[in-house]
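Chain IDs A, B, C and D follow the sequence of writing; residue 1 opens each chain.
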Amino acid sequence: MKDIREDIAWAKINQDVMKSLENPRRLYWVILFVAICAFGVGVACEIYQYRTGMGVANLNNPQVWGLYIATFIFWIGMSHSGTLLSAILHLMHADWRKPIYRFAEAMTTFSLMTAGLFVMVHIGRLWQFYYSLPYPNERGIWPNFQSPLLWDAMAIFTYLSSSILFLFVGMIPDLAIARDNMADGWRKKLYTLLALGWEGTDRQWRNFRVTYLTIACFLIPLAVSVHSIVASDFAMSQAPGWHVTSFPPYFVAGALYSGCAAIITLFIILRYTFRFEEYMTKSILKKIVRLTFAIAMIWTYLNAVEFAAVWYSHDEASKAVLIEKATGTYAPFWWGMIFCGSVVPLVFAFERFQTNIPVLFATSLLLNLGMWLERWMIIAPTFSHGIYPWTWDHDQWPSMVQWGMVFGSFGWFTLLFMIFCKVFPSVSMYEVKEMVYHRTLHLKKSETAEQGAH
Amino acid sequence: MIDSGSIKQLAGHPIDRRDFLKVLGWSGAAVALSGCGNTSVEDGKETVVSYVEANDYMIPGVGVYYNSTCAQCDAGCSINGRVREGRVLKLEGNPDSGINKGKMCGLGQAGVQDHYNPDRVREPLLRNGAKGETITWEKAYALIAEKLNGVKGEEIAFLSGGVSGHLKVLLGNYLDSIGSKNHFVYEALSPAGVRAANLKSYGVALPRYRLDKAKVVLSFGADFLGSWISPMHFSQQYAQFRKGADGQRGVLIQVESKMSLTGANADRWLVVKPGTEGVLALGIIHALGTASGEIAELVKAYDRVTVSKATGVSVSQIDKIAALLKLRSPSLVLAGSAVEGYAHGAQNAIAINLLNHVLGNVGKTIEAPVAVPFPQLAPSVGNTASLKALNDGLAAGRYKVMFSYATNPVFTAPGAFKFKDSMAKAGFKVAFAHYLDETALQADLVLPLDSALEDWGTQIPEYLADGMQLNIQQPLMEKLHANTRSMGDILLALVKQRRVEDYKGFEDYYAYLRSSLLQNKGALGAGGSDDDNFWNEALTKGILKIASSAAMLSDRAAASGLQLPKAEEVDAKFPMHFIPGVTASMRDGRHANQPWLQESPDPLTTIVWDSWVEIHPKKAFELGIAEGDIVEVTSKTGSIKAQAYLFSGIHPEAVSVPLGRGHEALGRYAKGFGVNPFGILDAVYDKETGELAMHETRVSIKKTGARVLIVKDEGAAGGLQMGRKIAVSKTTDQVDLSEEV
Amino acid sequence: MSKRHLLAMYANFEEAEAVVKELRSANISGFNAGDDMIVKSPIEHPEVEEFLGEKPVYVQWFTLVGSIMGGLLGFFLISGAQANFYTQMKGGKPIVPLPPNFVLTYEMFILGGVFITILGFLICAGLPAKRSSLYSTKVSEDHIAILVEVEEAAVGAIKAIFVKHKALEIQEEAGK
Amino acid sequence: MSVSNLLENWSQFRHAHPVDDKPHDPYKWAMSIDLDACTGCNACSIACYAENNIPVVGKERFQHGQQMHWMRIERYWDEDGRDFPDQGAQFLPMMCQQCEAAPCETVCPVAATNHTADGLNSQIYNRCVGSRYCSANCPFKVRYFNWYDYPTDEAVWPAEMRQQLNPDVSVRSKGVMEKCTFCVQRLSAAKSVAKSEGRIVREGEVQTACQQSCPTGAISFGNLVDPESRVHKQWQAQRVELDKDKQAKDEHEEGTDLRGYRILEELRPYPSVMYLERVRESAV
């Protein structure tokens, strides 16, 4: 199967990637348009809810959270694979990451931003949002540092800012390339500004290497901490079905899972719209697919562990929730999650599907659906079937306003992502060059070795 | 002795003393009038104190409390209203009242919402085709005078709810002045049958029930904790009864076909075949085996097996009850509203009362009531027979002019009466109303009344729980609406049309009331004290406690001529008994427009804002009915559609729909919520008393196919705790109440 | 004695390496191979360090300081805030509860680390920098550039070496 | 300076409720509810509406589970599958239990709900941003959220009805959480009176609205640390201790004649409301 050619001219790499900033396929504009419409719907819903009150989301006591928090977790989770691919694989010198990590990181950043939005639409008094920030004030009032929600805020802020920096630093040499190849105009100005006068001197490269490595090292534990903190929003509470020890690893696995699935989806979309067949090769796709499969199995395992733990415990309330999940109002969705999350990925086990683009595209979408359902199934059943039977409520159903905003969030994310790919090189040029360079060296060595043998 | 000279002087012209006393409502008073202390017309000029103009006793930001009387039902609880900056905020109970001793039920507290209700009538309205046009009071009065002109007394009908005190006096005097004797006092839910039975059994209509003295209370369908006679008083007695004098907890056994709030609190709730309560009572007498003579003779036929078959109560259960009643004395047996609702209702009640005689409770837990010393002020209590009389009269076109006050017959009359049509036959209909309710809508002239919290008045409750007391009603704040008037003022104005001379001394109802009370302050327990002191004290207390003698109880058991019907065969067309449910907050529905009451969940079903059909799960299963199914309940008279609620606290052969909802008028919080079961009640009467037998309607149940989500407070788990330790209970052998604080 | 800049472009790495070796060996007066020579490349060549000789990198020290400061700052700011905000008392929990503060401290530790590392990078790499006078966009494509700073006198010698190794292009700063 | 402050009073900052020997001095408001006396008549609930300006949300919103009753009467049936509930129903008034170790307090991101010195679980409407985490973490589900802007809703409070609102209690606007406060407005009034007279609030001096209306006197309320108070005596008689999660009566397997218990005690929220078990006659 064909991979990036060793003999590809470096100049061509520049041209190809720079082209992606100029003229993508028509599909790009279609996607962009759809995204804008979807986002519009979301905004409309929020305006309506903001003016009328949270009631229009058809939330109630005890169902106080609904889809907002579920989707919030979903987006947080999605953000994790960017880091995984970029940082971990970077540390392991897996050079096949090089053509694809850029958009993966972009995905991280933007899904974090989307997640942030859900905190906003969720709270009852958006106009008082700043109360939850630890800013010094004359009254000496501070937010409650004991609240997992505040840990969330802190972790997400750290994660978001770090990933943005990581993304930016990694992009500097490419910005320099863009600067050098771009005709005069606002773009050139932009790149000149962002390239910070990068010239690829030995000194710059030296420090660059160390810095990049360091941040990568920071990002990995950070990513893990972020989603385990999100998990502790639930694990730290007393609610049945939430108060589970294995939640943090379970959440992290779920996060990586949905992230990888999303990467496959976006990989396929970018590959086509920006004509990256040359760089985003099927062999790379194959590697991601295998990685995803592995993670899917880990997730399946942790899922089973969670249920087993509850089943084996003497916590009647939690058991009741589990049974409710499997047999109650939400059963179809819960089983849907199991199917999408644990059965569908088995497709990846077959060699012939591992590079079959249509199949992979469909599958990856299913996986993400499954991961979204997982988040919803963590939230809803616990609320509708909590500790206190008198307030059990199995009839609560998210209103169109909630669905509208979930829909809109996908629009928002796609919008940001697509614009990014159009403005910034979504394939790392300098690293592709490195990749090619090292391969050639390797080939040379092996040739000379052969000659020696004769 | 009263100085008639001074009276001549003040009345401005010579009238003889008897008339004068009649005017003021003291004629025939059982106590001597004290003539000392002079009254002056000046008092009449006093005006109602405005709580809006800050007086020295009103500190902004601090609540001031005024005592008055609750008008939400007839129990006559005394209220203690919190007023701030001239606005009444909350009604507490008045601790000095022997009736409610500082407590308030939900219905009573909702009185403020009656006062502040946005749907009150604010202007006198004259029918002009389909709609009403606003007119002035002068015009309204003139119109009444004109319409009465040349109409014979017997052609005038005055329908009212239960009235007492000086309002009753004025009303009586007015009717007298227009020569009418047709005062129909109607209450849809009054214990008329029980009164009749009690008269036979005890010689009094309502004896004083002493739950607090009883060790066992055997209640046949008496919802004394919810809506029966004087719930606030009974509830407090119940608390003592439960604690027990010597730490021995009182035992409550409730016998009824549909669980009431009281039944829900019983140690043993026994479901009986509707109408067989009396049979069970006789069965218990039989099982006691202590009766002799006439009674023994009577109950001979009622051996445990027969009774068990007839009532559906197990033999062992009957024995247990008998044993307990023997063991613990004194006990108290109550015949409540559920037993009187049959063609043999009075007989039912008499049979049950018999138990008290057999158990020797009469005189112990059944005490003689106090006699009301002032017959003219004594409450004239409502019943349903009077409505029947009125309805027949109207239908026969006997009445040209009809007045309606404090009652809503178009809503509460049984469907079989077709009251609306009958009423249309009256030429000129005047409604004194707080709201544009169903009856007011049929009237030609609607006169807006002050709310109970704006009004003056005196009231004597029918059930004097704790000695004779005259309840004072005074405004807790200034009128909300300029053009509403006190019923007293209206009657005064009307009576002045006829007897201006007698009444011209009284500028308004307040003046009338004041001078009337002062006139007799000696008898009211303030002989000799200065008028103003007496008056102010009366207003401060809100109650006048009056020494009075007790009536006589007859301890002679009225067993003779007692006969209970044999079990009647089931009508195939209408197989089920229909039990109109009486809930503590809705009652007959006159307060349905008070949102607190609409949103406070029904204690047993936790349903809000709507009606429902209680049906036993077994029966529901037979008929394939599930919770929330819209079922059609059809009687000979009519049919209603409502959501089904599976309720195990009801006899499988009966269904129940709560009264009070299903208004077509009244106001925004009442209109269009639920259905009105009054509408399907057949016209069946108690053979003895002629009272409407509300439980005699038979119905059939049909699924309509529609289904709704029942709006109720209980969650998806229903009334189950799912093994969580939330509401825990013990049995008496596991506790020692005497140790408790 | 004024100095001038020279920039030579090479197609591939081997030649550039050769040039650098030669420049180093031929010790020309007025030119210090150690300090006056900068190699610009489109990608990062580990080899460059080998032939340019080890040069120290100080970024890690920023990282260390940054993360420690971040952590300490986090812990004391939060605990301090709690200690001064009594009304935040939570039933069943002390006013300054350690476990949650540790979580936040951890986040601040990373935050500080990342931010200061970036700062360190900018300082050490001298970014943002003014573009040097001699630069070719080819560098960002596939060429290797060698930029030297020499005395007037040595210019000739250097050029000679560049030419000898078939420099694709030689840029020269205009002399004064 | 915060850090010095921190270092000086470290031990104090590490002190936690309710395990301390004498957590509240001079006040610890507590309640006890006798389920045997409670008849489920709803008077308390309506009194609460009247006193605390609770909005009547209307049928549709009630259907959506958005009712606001701070005090709700729960009705339970015996679970032994009989055809008829021949031992009646069991009523349970449920309102905020004012937990000593309240699960809701720790999770609020903006510290809008806190523990007060007199042992209440306070709710600061002005501070609340409406994350609803407190409700999510409340085992009793007694916190109610303002899903709509009720004060400006003509259907909820028409102009006339608005005159009935209690000026001592703030009317909550859209987006904030609310719950039973033990009628804190009455408590603070009583406390300030007592303070001006240089004493503490006496037993019987202050009543909650629900207690005041309860016709059977099932609810008693008072200062738990005042040995004169009925509540104190009741808790003592029932041997229920505030800072224990397992009471004397739970020790014996066969049970004792004690009736006092606290709901969901095993979750260790240390509620301030003691319930007395319902009793049923064993003879019939």
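We take it that a contact is a pair of C-beta atoms (placed from the backbone, for glycine too) under 8 Å apart; a residue touches a chain by one contact, two chains touch by 3 or more.
It should be emphasised that the depicted structure is a prediction, and the values quoted were computed from it without experimental measurement.
Participant: So which chain is the furthest away from subunit A, centre to centre on CA atoms?
Facilitator: Chain B.
Participant: Decide which interface, C-D or A-D, involves more C-beta pairs in contact, and give its chain pair.
Facilitator: Greater number of contacting C-beta pairs: A-D.
Participant: Roughly how far is subunit A from subunit D, centre to centre by C-alpha average, rounded to an integer in Å?
Facilitator: 43
Participant: What whole-number Å value describes the gap between the mean CA coordinates of subunit C and subunit D?
Facilitator: 63
Participant: Please work out the Cα centroid separation of subunit A and subunit B, and write it as a whole number of Å.
Facilitator: Roughly 68 Å separates the two chain centres.
Participant: At what distance in angstrom does the C-alpha mean of subunit D lie from that of subunit B?
Facilitator: 34
Participant: Quick one: which residues in subunit A touch 2 or more of the other chains?
Facilitator: 141-142, 144, 146, 150, 387-388, 390-391, 393
Participant: Counting only residues that touch at least 2 other chains, which ones in subunit C make the list?
Facilitator: 81-82, 84-85, 88, 90, 93, in rising order.
Participant: Where in subunit B do residues touch two or more other chains at once?
Facilitator: 709, 714, 720-721, 724, 726 - these are the residues of subunit B that touch more than one other chain.
Participant: Once the touch criterion is applied, which pairs of chains come out as touching?
Facilitator: Listed by label, chains in contact pair as A-B, A-C, A-D, B-D, C-D.
Participant: Quick one: which bits of subunit B touch subunit A in the complex? Just the residue numbers, please.
Facilitator: Per the touch definition, subunit B meets subunit A at residues 709, 714-717, 720-724, 726.
Participant: Of all residues in subunit A, which touch subunit C in the complex?
Facilitator: 9-11, 14, 134, 140-142, 144-146, 150-151, 154-155, 157-158, 161-162, 165-166, 169, 172-173, 176-177, 179-181, 196-211, 214-215, 218, 221-222, 225, 229, 430-431, 433-434, 437
Participant: What residues on subunit C touch subunit D, complex-wise?
Facilitator: Where subunit C meets subunit D, its residues are 76, 79-85, 87-96.
Participant: Provide the residue numbers of subunit A that touch subunit B in the complex, in ascending order.
Facilitator: 316-317, 320, 384-385, 387-395
Participant: What residues on subunit D touch subunit B, complex-wise?
Facilitator: 35-37, 39-43, 45-47, 49-51, 56-59, 62-63, 67, 69, 72-77, 79, 82-92, 155, 158-161, 163-167, 209, 212-218, 230, 233-234, 237-238, 255, 257, 259, 261, 263-264, 275-284
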